[in-house]
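There are two complexes below, and they share chain A, which is joined by chain B in the first and by chain C in the second.
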Partner chain A sequence: MGITKADTVKLISAEGFEFVIHKEAAMISNTLKNMLSSSGGFQETELGEVRFPEISTPILEKLCQFFYYKLRYTNSAAVKNVPEFKIEPEIAIELLMASNFLDC
Partner chain B sequence: MSMYVRVKHKKVTYFLHVEPSDSILEVKEKLQALSEQPVDQQRLTLVSTGQVLEDGKTLAEQKVENDAVVALQYKLPDSDQYEEIDIQKHDIDDTAEPHS
Partner chain C sequence: MSASKPKKSFKIEPFKHKVEMDPDYANNTWKVLEDAIHEIYNHNASGLSFEELYRSAYNMVLHKYGNKLYEGLTTTMTNQLQKVAGQIDAAQGDTFLEELNLKWLDHNKSLQMIRDILMYMDRTYVTNQNKVPVHELGLNLWRDAIVRNGRIRDRLLKTLLDLVHKERTGEVINRGLMRNVTKMFVDLGQTVYLEDFEKPFLDATADFYKAEAQQFISTSDCTDYLRKAEKRLNEEIERVAHYLDQKTESKLTTVVEREMIGNHMKLLVEMENSGLVSMLTNDKYEDLARMYNLFRRVPTGLQTVRDLMTSHLRETGKQLVTDPERQRDPVEFVQRLLDEKDKYDRLIAQSFGNDKTFQNALNSSFEFFINLNTRSPEFISLFVDDKLKKGLKGVSEEDVEGVLDKVMMLFRYLQEKDVFEKYYKQHLAKRLLSGRTVSDDAERSLIVKLKTECGYQFTSKLEGMFTDMKTSKDTMAAFQQKMVEEGNDSDISLQVQVLTTGSWPTQPGAKATLPPEILEQCDKFKNFYLSTHTGRRLSWQTNMGTADLRATFAHSRHELNVSTYQMCILLLFNNADALSYQEIQAATEIPVADLKRNLQSLACVKGRNVLRKEPVGKDVDEDDVFHFNDKFTNKLHKIKIGTVSAQKESEPEKQETRQKVEEDRKPQIEAAIVRIMKSRRLLDHNNIISEVTKQLQSRFLPNPAVIKKRIESLIEREFLERDKNDRRLYRYLA
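And now, the complex of A and B:
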């Protein structure tokens, strides 16, 4: 139990849709990890929100799903039969570019 | 085994870590911590079936699975009515109605 706002980060898409995810999940992305953990005082670190004016909503949602997918299945020998992470062909290129940017 | 659900309200999506054995009340308590809306002001509906989720039952009992989309509604002020389900859609969404 016991999640608080401080444990989460809000990712905001180009269209202004907001995705509230655990910091633990966000840290799958090295780019976000650097933003959230640096002591250099990124504005994002203090507000707990990160805007992505260049990432559209369906792509950002897919990325968040991927973070949770990866959290769940990485290093968990207990889980057999890891399901495929489904990616619709029509978003593949945009997703690839976004994941390159986010380093995940 | 840990899973997550996507709780949607207007333009906001909460990704919540949950256990299949969690009751709906426990899920609402988690939401309260994030949205600051009291548990008794919330109603949750499983989007794929349109079923309103009951506080006393667990996620597993109501067939809420990993990655499920759950709609969040708040009670309207000074009434026992809930607002309409309002999830703004974006283009590619596996929960959206198929286009004809």
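And now, the complex of A and C:
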């Protein structure tokens, strides 16, 4: 099954690294969900990309991983043993702030 | 995510730090957001970055500027909406509503976007400070700035009400627009919808229909009026579906119902020539159903209809049962009652949805007027008699049951069931003895019905009559066999029915001299019967029998089926051609009334006139002379000469039966009193009366004066005594 551009969104970190992920995964974040589904024609909706000048690359990467992790394991009774989502202590605070920002 | 050190609230530390770094930060950031809000209202959002705006709001809240952000938003939006209010107010005529709707849609869209970028504030600041969320704030501001704007408020309401009025008077309006605007009221909150729109709308509706009802009622008849009202009601329901809040429906219909129906109920049902009475008389099922459905909607509506129907029923029923013209033919009389009942049953089923309360009203009305005529029990019995004698010939079993059930239904209405029993017994006796019942099954079926209705006691005597008939048949078979064995064969074949005294309505003293040849047979039977049943007494009821005679006339021979009395008369003519009335009476000793009646049917009925009367005339006189009518002819070989039988009773007979019934009631009333007193020991007068009435209700309605007399009689016979201290109390004496 091919992925069309409309199904994805590009997330860009403070350093300019780009992460292309499924919109479905991105919608795990309420902020992104609002952003992508807002009725007004904001820049982000038109371009299909979101810049985060205040989120560093490793944090954004971790967030993307988390989106897929959550998408995979939320509401799936079939999976019995949900693996732990590993967070390195050194990025914990920054990640926490970003997740507060993105509401996820 | 819990990997951090669990000491103090770590969140606060880094941000404090930042605030100190940039004192102008808040103003600058707010400026960005304020500009964005303006851009959004100007449909210019495409250049904006959601992330940037969101981040700005986020940071403001984080940096404790939530209040500034919130206040700023309120002010900006208020200003914006005041501008919008000016634009709406400036719109002329019809465009006013459209402009309002357009701006409303705009505002909604903008508000949504604003809420999206301020989401973080909604999530944290608003919840913590118990503020109104952004979306609701936007609606409240719209409400205050636009809907309740002094210049817009009344204009808006008037425009809406005008549109509704236009539609009510037949114009086409833009329902979509109406819908959007009323939806706006709903979105602004129930209270806004109720106070700013619904209440004035309902008031206007009431005024409109008040006027319309006045106009309709003076120009239309009841049918038309109800049709119009129904149409209006449906229109209003449709109106709700099209552009009003669903909750308005019940209120709106209530208003219309009150104005169109509730306030004019009496006038409508009593309308001359088209009101309820006319509908009932003319079987206007559809109109009645409409009336029912409309009146059901208003308080006391159905009661009004029901009351009028009841009084109409009672009035017509009363006429029906008291009209002397109708009482001539009892069968017709009962048939009319049944027809009337059928008519209303059908009507209630078709138009009133089988409403129980209407059925009850119908029943109570029938009970009321059937008992107005004291002859109803007699007539109903006569009706049954007619049906069982000939009316049911060639009718299927189900139909028979149907007729019987209907009769039972009338029977249930009777208060004087014992009177019915009395007549029924008489009529049944005549049917059984003359062998004129068409269907034994039908007879028994009716008895069973009576039994289920009134209990064993009521029918035991009736059943006894059937038993007698059967026993007699067996007895006769044995008698005839004995006659043959003894060589006592005779030309005359005697059929005797042995009737138990008490079960049958015998009339004592009705004697007649039987011809000697018959008498001889009778004596033989008497001997036979008494030889097997010692200790019994047989007496001949000559007034109840029938006889088959062979008669030879000049031109033909016939077999005549006559009553025993008629046989006695006819046999006299074997030895004489002409006899005077006096001679016949002397020879037969038949009671005067019976003799006259029988002579009448022998001499005065065309086609049955085996005797010739001089002078010719309809009535039999004591000076008349009778001749054997030698020239008698009839196409039929077998001729039945009926007596004037089982007709309704004449006035004196009626009195007599009445008296008998009253006489029979006395012991029943006394028995009831004793039963009650035995268990109660001490009871006051009124309570005795009501208990006795209750006990006897299934048979008849006792008269309080009669009960009082019975009590007195019981006191005399020392069953009861009056209490020594309280004279109103009676005491039972064991």
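Here is the rule we go by: the second predicted complex is superposed on the first by the 104 of 104 C-alpha atoms of A that agree within 3 Å, B and C clash if a C-alpha of one lies under 4 Å from a C-alpha of the other, contacts with A are read in each partner's own complex, and residues count from 1 in each chain.
The rule is short, and it goes like this: contacts are C-beta pairs under 8 Å (C-beta built on N, C-alpha and C of every residue); 3 or more make two chains touch, one makes a residue touch a chain.
Owing to the predicted nature of the structure, the values given are computational and were not obtained by experimental measurement.
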Subject >> Overlay on chain A: chain C relative to chain B, clash or fit >> reply: fit
Original post:
After lining up the shared chain so the two structures overlap, which partner does A:Leu95 touch, if you call chain B first and chain C second: first, second, both or neither?
Top reply: second
**OP:** Using the superposition on chain A described above, determine whether A:Pro58 touches chain B (first), chain C (second), both, or neither.
**Re:** first
**OP:** Tell me which partner A:Phe19 touches in the superposition: chain B (first), chain C (second), both or neither.
**Re:** first
Original post:
Between chain B (first) and chain C (second), which does A:Asp103 come into contact with in this model arrangement: first, second, both, or neither?
Top reply: second
Original post:
Looking at the overlay, does A:Thr74 come into contact with chain B only (first), chain C only (second), both, or neither?
Top reply: neither
Subject >> Partner chain(s) touched by A:Thr31 [first = chain B, second = chain C, both, neither] >> reply: second
**OP:** Quick one: classify A:Ile87 as touching chain B (first), chain C (second), both or neither.
**Re:** second
**OP:** Once the structures are superposed on A, label A:Glu46 by its partner contacts, choosing first (chain B), second (chain C), both or neither.
**Re:** second
Original post:
With the two complexes overlaid on chain A, what is the closest approach of chain B to chain C, counting only CA atoms, in Å?
Top reply: 16
Original post:
Which residues would you name on chain A as touching chain B in one complex and chain C in the other?
Top reply: 88
Subject >> Of chain A, residues touching chain B in the complex >> reply: 1-5, 8, 15-22, 25, 56-58, 61, 64-65, 68, 72, 78-79, 88, 90-91
**OP:** Going by the contact rule at the top, pick out the chain B residues touching chain A in the complex.
**Re:** 1-4, 11-17, 26, 29-30, 33-34, 66-67, 88, 90-93
**OP:** Name, in rising order, each residue of chain C that touches chain A in their complex.
**Re:** 1, 3-4, 10, 40, 45-51, 54-55, 58, 109-110, 112-113, 116, 119-120, 123
Subject >> Residues on chain A engaged by chain C in the complex (per definition of touch) >> reply: 30-31, 34-35, 38-46, 50-54, 87-89, 92-93, 95-96, 99, 101, 103
